[in-house]
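Going by the order they are written in, the chains are A, B, C and D; count residues from 1 in each one.
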Amino acid sequence: MESRIDATGKHYKTLNQEIISGMNGGTTKLILDNVNGQRYIGDALEGNQEIIIHGVPGNDLAVFMNGLHITVYGNIQDGGANTMNEGTLVVHGSAGDTLGYGMRGGEIYIRDDVGYRAGIHMKEYGDDRPIIVIGGGAGNFLGEYMAGGLIILLNLEGRENCLGNYTGSGMHGGAIYVRGDIEKQRKKIKARIVPVQNAEAEELNHYIGRFSKYFDRNPGPVRPEEYFKIVGTGARPYKKLYVGV
Amino acid sequence: MAISLKLPEFLVVRDKERCIECQVCVNQCANEAHIWDQDLEQVVSNDVACVNCHRCVVYCPTRALRIEEWKQDFKKNANWDGISIKQTYLQAESGGTLLIGMGNDKAYPIYWDHLLLNASQVTNPSIDPLREPIELRTYLGRKPDLLKNPSAFREELPPQLQLEVPVMFSAMSFGSVSLNTHRSLAAAASELGIYWNAGEGGLHEDLFSYSPKTIVQVASGRFGINASMLKRAGGIEIKIGQGAKPGIGGHLPGEKVEEDVSRTRRIPYGSDAISPAPHHDIYSIEDLRQLIYSLKEATAYERVVGVKVAAVHNIAAIASGIARAGADIIVLDGFRGGTGAAPLRIRDNVGLPAEFALAAVDQRLREEGIRNEVSLVIAGGIRNSADIIKAIALGADAIYIGTAALIALGCHMCQKCYTGKCNWGIATQQPDLVRRVNPKIGRERLVNLVRSWEHEMKEMLGGMGINAIESLRGNRLMLRGVGLNAKELEILGIKAAGE
Amino acid sequence: MLREGKIRIPSGCAVSGIINRKGQVFSGIDIVDSIANMRERSNGLGGGFAAYGIYPEYRDCYAMHIFYDDIKAKEDTDYYINRNFEVNLSERIPVRKVKVIENQPIIWRYFLSPIPRRIEDVGGDEDEFMAQFVMQINAMIEGAFVASSGKNMGAFKGVGYPEDIGEFYRLDEYKAYLWTAHGRFPTNTPGWWGGAHPFTLLDWSVVHNGEISSYDTNRRFVEMYDYKCTLQTDTEVIIYLFDLLLRKIGLSLEEAVSVVAAPFWEDLDDLGPLKSRQLRNLRILYASALLNGPFSIILASGNGLMALNDRIKLRPLVAAEKDECLYVASEEAAIRAVAKDLDRVWAPRGGEAVVGLLEGKSDLLSASSSGRKIAGKCSGS
Amino acid sequence: MKKVVAIKEYCVACGLCEVYCATVHSRYPDSVLKAFKLSPQKPVSRVFLEKSEQWSGGIQCRHCKDAPCIAACITGAMYRNRDGIVLLDEERCVQCSTCVIACPYGLIKESDMGGRKVLLKCDLCYQLAESPTCVTYCPNEALIWVEEGETL
């Protein structure tokens, strides 16, 4: 069942209540029009429903979300997919800062750029493995303190500075794949840089394939030499920092 | 290899007349300070490994053991004392930041011990708790503005935590402490009608039945946080800071991240669990509001959302901001607050006494007319029922105990929690050590502690002629200061003894 | 020695109150006899009366009774009064020479109509204007103390035994439909007239016996709502509490009673789900307004009186009825002293209010002190 | 019949069960110190602390309903008393060790007492009014004394 909500002038509390009642009423595809700044859309929601957002949703879109498929036609603001557990967020535009903070699972596809601190503190356990695929570039601190999961930065415009400074600092799990030339960006990266293996191409192709399907943009099949991979410096990055008194 | 200049801290004193070579001490020491020597056929000591946790002392069936300070005099120097010299050696050898467990142990003034309580004599009667009702029940949570919403009492109030005693077990994460410690705390809290805080490491699935009495913590690492856990919990606490290490995050070392911890926190086995200093979605007070309301939205406004901050210099203004950001409870953690691990210099030198923070915040919120709308919980170094009564008279709604609860469970304050080798089975994930806390015994001991305090609190209240704890809240006339200067009295908002 | 207000002085007491519910007025002789009967309960360091219906010719004016330590204090106060009010009458309160009454201040009374513009300046709420004006005088002007300021009522109090105070103020010459009285037993006192009971605000008056152990909790609570506790007495905080609950917040008298003498948690379960929820919520919301410790009080307004003691009845209270008259007092004998044949005598339970309202009134909150309005001109001659 | 049950989740592997068992079965049952310091031979325990990486527990004779040791005993020294406790009458025992072989759990052990072989098995401290000594002194309540079939 499909339904629509006009979000014009609605406070987030009202809008989110309407979304929940729509879902409870059996809506499987919910279209939100004229969204502009309403926070917490999809907050802690569970299920397989689809939400399509036209406009600019407010901060903490899909926060604690546990399922659902959200598509945004427009940019999203800060805190997107904050501590998200499961589900998919597809953004036809760019994301603000702190995308996917503490994300535990699910997938995020951003057509254009992400702001500062994307994928900070992403986690991973068993089958729960968060994925972020970014079409453009990223701001500083990408993947900081990353403990698991996957970030793929496609750099479709081929920018030389698609990475920000301090990428991967404190990283101790997961991986960041970047398409582009390593040499110009090496000093921005605060974790270990390793070449991409042929065996990894299949997984990359899987997620890049989805990206292409969502946005109709395709960097082509993965050739490992076009990418480099950033991984943590070990499971215990600060092991030697301390000495017990 | 260059020689180490480290000296043992403790001396294992073994009374040979009493030792029966039963090796119980050997079996109990995870640090291997007691070793069975096959050739000598006797137990020998490795003093340098001893952390003075008393496990062997308590377990020795013939009382043959005693631990002493390793007395090594340095040339007298009021500036460079032995501790400073030894710490310098340690850092010169390791290049490490000094790490320590438990709360600040420096001899800063303890203001609780400079406060005296009142009692009734003649002009009003004291009340005998053995015969007359004395009520300690306390509700924590947001209260509507009485002037703006005078008929709020006719409706359902915003969610409240109901405490039968104004005491809660403060946040100690699974990972930092053992599952059996959590089991003991959870079971005791449920039996006592209070809340326990599961800390920032999530809630182990075995403890889901205790969820209604559990406060779960949302900290910067966001470990173990998901929608169903938020909805299941009795309350939610956003941890901004901790009294033992204000402004500092935490690292749970990978060796404590065993299978259960890893599953509960949703991080890979054996990897460090890093909580950065700030929440990366909170760089300003309005961001705190954003997180508070994301949690309220996530739980359909049916859960209390508190915010815990370390007591720091500008705490009154900070607390006011937190109240205005929509927090239902503000937790102030004083600089004596405990921790599983903190950088020593931070622990010993940063923050404020909980007493001052409480007095300043309570007064400030009153001056702004919003004290009634938010609950104030104080933490950090509360040792006994008198501390609690004094905290409530200064203005707290309830208090958190952490260290006191651990001591009830057997902690002997050796301050080595960060090693993961807690001989008392508390701050460890090593399976053979975890077994040392039997949750049945743990629960009983915690219940005993709080019940004994409960009676003591009633005695003190009755003595003041008060039969409901709310009539003590902020009742600073019931306090007088001894040995405090005028400025300290002013900050605490109390009179001097004799005034 | 520090004056009351600079220091907190606990005291024991006797209280008495009489109302003619038909509104018929009677002289102060009965109330003086009643309180005099309990002479043992006071020590000569404080006595006083509140009387309602005594100024019918000025019934629309604020009757302000003020103690002045000296003429300077009066001049300072007059300046503020003249800026804010139209003064319909200003005179010394007539007193009788009584040998044992000494050190009396200058005791003045005014009949005043507020200047409407001044009320508008502070938001248009006349009651709030009056309450703030009185608290300002008491807090700011050294040597001036407003003993009462309500309409058609007055407080007559001083240092001495209550019967001597009654004689001094010539209460036999006043006629009221409602009288309350107080004999005080302070543990020490600098002998300041302002410290005697009743304490008043608007047309509220309170006489009180006992000591509130929750004083500082209550004080700090009311001070959040713009009250200034200048006396550090329980009576003062009690009247502010009731003013806050009844006038500012708008609770009913019954609700206010269940705030200040809240039922025990375990007693709530027996009251049915709706009632118990509301009482629970009231107690949660108004935790700091619970009056804890021994007390019996008589709260009066132009509409009637309410007598109440604490929830575990640590102080005595007796009530009695005879025709349209309701009597309340610390001791039954104090009632019998002025009314031999009573229809009914009873001891109210702890926390159970005895309410005596004028016919036709449904609440204690007087019309003159409810809601915003701008005063008209005083109708007095 | 009540039995001693070891709760492996809470056994701290201290060995105090052995110390107190040995003491109570020594010449000085009231003093650990005397038992170990004054006994001619080192006192021996009838409860055995089993330790492995995964678990530990104090274990002792199960007092089987259908006890193979009684059946195997060549002198009738092994018997069951009225309360169902399997006991060894040391007067009648000839230390042939048949019972040691017969016990499916290996909970009857041989010990050398100053050149004299003795067989050791748990007697549930049947002469004491309270629970067996190992249970009484288990510091973490990892040994409990419960009716058979009783849920923990």
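Rule of thumb we're sticking to: a contact is a pair of C-beta atoms (placed from the backbone, for glycine too) under 8 Å apart; a residue touches a chain by one contact, two chains touch by 3 or more.
Everything quoted here is computed from the prediction, not taken from an experiment.
The interface holding more C-beta pairs in contact, when A-B is weighed against B-C, is A-B.
Look at where the CA atoms of chain A average out and do the same for chain B: the two points lie 36 Å apart.
Per-chain CA centroids place chain B at a distance of 48 Å from chain C.
Rounded to whole angstrom, the centroid-to-centroid distance between chain A and chain C, based on C-alpha atoms, equals 67 Å. Centroids of chain C and chain D (each the mean of its C-alpha atoms) stand 81 Å apart. The multi-chain contact residues of chain C, meaning those touching 2 or more other chains, do not exist; every residue touches at most one other chain.
For chain A, the set of residues touching two or more other chains is empty. None of the residues of chain D touches two or more other chains. Taken as a contact graph, with one node per protein chain and an edge wherever two chains touch, the assembly forms a star: one central chain touches all the rest, while those never touch one another. Contacting chain pairs (ordered by label): A-B, B-C, B-D. Interface residues of chain B, counted against chain A in their complex, comprise 87, 90-91, 94-100, 220-223, 225-228, 230-231, 251, 253-254, 262-263, 265-268, 270-274, 276, 280-281, 290-291, 293-294, 297-299, 341, 343-344, 415-416, 418-419.
The residues of chain B lying in touch with chain D in their complex are 18, 20-24, 27-28, 59, 61-62, 425, 431-432, 435-436, 438, 440-441. By the touch criterion given at the top, residues 8-16, 18-20, 32-33, 36-37, 54, 56, 139-142 of chain D touch chain B in their complex.
The touching residues of chain A, when paired with chain B in their complex, are 12-13, 16, 39-40, 43-46, 59-60, 63-66, 78-79, 82-83, 85, 98, 101-102, 104, 117, 120-121, 123-126, 128, 144-145, 147-148, 170, 172-173, 235-245. On chain C, the positions that touch chain B within their shared complex are 8, 10-12, 187, 210-211, 213-217, 220-221, 223-225, 248-251, 255, 262, 264-266, 277-278, 281-288, 290-294, 311-312, 314.
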